[in-house]
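Residue numbering begins at 1 within each chain, and the chains themselves are lettered A, B, C and D in the order written.
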Amino acid sequence: MNDMETIARKYFDKSVTDRERAIFEGGIALGATYHQFVGTPIAKKEEVLRSLEMAVSNVMALQPYKKSVKLRIDRSVLKGEKGNPYDYETLKGHHMDLEVVSEYGKSRVTLRMKYIPDLKYTLMYVERIESISEHDNSR
Amino acid sequence: MNDMETIARKYFDKSVTDRERAIFEGGIALGATYHQFVGTPIAKKEEVLRSLEMAVSNVMALQPYKKSVKLRIDRSVLKGEKGNPYDYETLKGHHMDLEVVSEYGKSRVTLRMKYIPDLKYTLMYVERIESISEHDNSR
Amino acid sequence: MNDMETIARKYFDKSVTDRERAIFEGGIALGATYHQFVGTPIAKKEEVLRSLEMAVSNVMALQPYKKSVKLRIDRSVLKGEKGNPYDYETLKGHHMDLEVVSEYGKSRVTLRMKYIPDLKYTLMYVERIESISEHDNSR
Amino acid sequence: MNDMETIARKYFDKSVTDRERAIFEGGIALGATYHQFVGTPIAKKEEVLRSLEMAVSNVMALQPYKKSVKLRIDRSVLKGEKGNPYDYETLKGHHMDLEVVSEYGKSRVTLRMKYIPDLKYTLMYVERIESISEHDNSR
């Protein structure tokens, strides 16, 4: 463990496990990504959408203990090409399919944000929890 | 458990405990609050700061399983009254002391975001985890 | 004119009039308010909505040459009280009726952001331009 | 003029000139870009910074009457490669050099947002105003 993490851990409840810490870090990433980028102008243009997906994935993976972040914007609910100056949309929860993988110590957690029609809600959830051997855990 | 939660739980890994779910929901709230409000104009005027603290606390507590959200903006690092049109600041991580209490099932978790001088970093952390009796858990 | 404004003006095209500057400052406020606060959780609870309206109005008025900022969130399009943990909304353009009054030199401009059903678009526009006598122009 | 613009114009003060409208649209873009993206995690990694610059430029140019948007993040004020999990930064005003070109009718306006050391402020300003012949004005 690096020195900074030694300092950081003093602030955490002592009973927090690796698995809980990975879940926590993943939850932060989901909340952060939604609230940072919601409202961004978007349109059904591949070049625009791909550059936004890539940027969001790249910048959010910089946060601590994020192994990977992948945003996919759902093209199927976007309207077609911009016909007049007012014809574009803004990024909303139901456009986003976001997958975050966080790792801490011996735990790897896959978290997800996706629109769930039955709930009429963009749900953030913990999709999968795995144990990893310590030496797999680069970063 | 309400019907919506029954649907939502289908998406979660089956092994997620109440305690882990409460930690997850708290992590979302910390990440969400930081990234929603960072950049907001602020100045050392009590009326302005108090209205922002109150609004942030009120709106972020609307998210699922948040028992309470309390934002305190650190006055000590803010400059004095606005003397010219360009003399104000924008909300940054190191201005914020945020406490979130989340509850799920039998677990209550207190989470915090605060600037840690030793880390030169606004740390998000799990401060305390408690067991509650089911009947305390309103909402 | 204060010293800071003397410096700032060096960066502006020399032909910019007071009226144009006031329009510019108002445009900034409209774009800033939308993109800062869109995505904020909201619900049809007077206390919550009023605190958010007040905070947004207070903080955005801190920016240069803003005389007043007034946000009104449209209650009529919000659903009723929160019945389950997933039953709340997030602030979107069509919820907002925002009025900004900016002043620069001899010009006062009223600007507005409002959802226009005929456009299916939350339009930002310059509603009214007035001349003011210099001595009215406090701040 | 397209049909949507005919509707939109009814909301504008009748005395607004093409030049003023272009200034207004540019002001919106500057305020919007700052408040949408401030707080985004960043680090001194070319791939990350370039993808963010490209995405911001692409999405913000979707808004009405924006001819081009170019964001340049100042590498010189960023610290070096990430050495530990807490060693990254968040996008702030003084990192950004943003150029927006807006066009409306016969006017093309270049607007800028840049940190001005003498003001200790990230200034938004109208850099240049030009007349264009109507037939140059695509979009």
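By our rule, a residue touches a chain if its C-beta (ideal position, glycine included) is under 8 Å from a C-beta of that chain, and two chains touch if they have at least 3 such contacts.
Remember, it's a predicted structure, so these values are computed and weren't measured experimentally.
S.K.: Identify the chains in contact with subunit B as well as subunit C, in label order.
M.R.: A, D
S.K.: Can we say the copies subunit A and subunit C touch using the same residue numbers, with more than half in common, or are the two sides different?
M.R.: Same, since over half the interface numbering is common to both chains.
S.K.: Could you state the distance in Å from the CA-based centre of subunit A to that of subunit D?
M.R.: Inter-chain centre distance comes to 26 Å.
S.K.: Subunit B to subunit D: how many Å between their CA centres?
M.R.: About 31 Å separates the centre of subunit B from that of subunit D.
S.K.: Could you tell me the distance, in whole angstrom, between the mean C-alpha positions of subunit C and subunit D?
M.R.: 18
S.K.: Could you list which residues of subunit C touch at least two other chains?
M.R.: Counting only residues that touch two or more other chains, subunit C contributes 4, 8, 34-36, 39, 86, 119, 121, 123.
S.K.: In their shared complex, at which residues does subunit C touch subunit D?
M.R.: Contact set of subunit C toward subunit D: 4, 7-8, 11-13, 15-16, 19-21, 23-36, 112, 116, 118-119, 121, 123-129.
S.K.: Hey, which residues of subunit B end up touching subunit C in the complex?
M.R.: Residues 2-5, 8, 36-37, 39-43, 47-48, 51-52, 54-56, 58-60, 62-65, 82, 84-88, 139 of subunit B touch subunit C in their complex.
S.K.: Please give the residue numbers of subunit A that touch subunit C in the complex, ascending.
M.R.: Interface residues on the subunit A side: 34-35, 38-39, 86, 90, 92-93, 119-121, 123.
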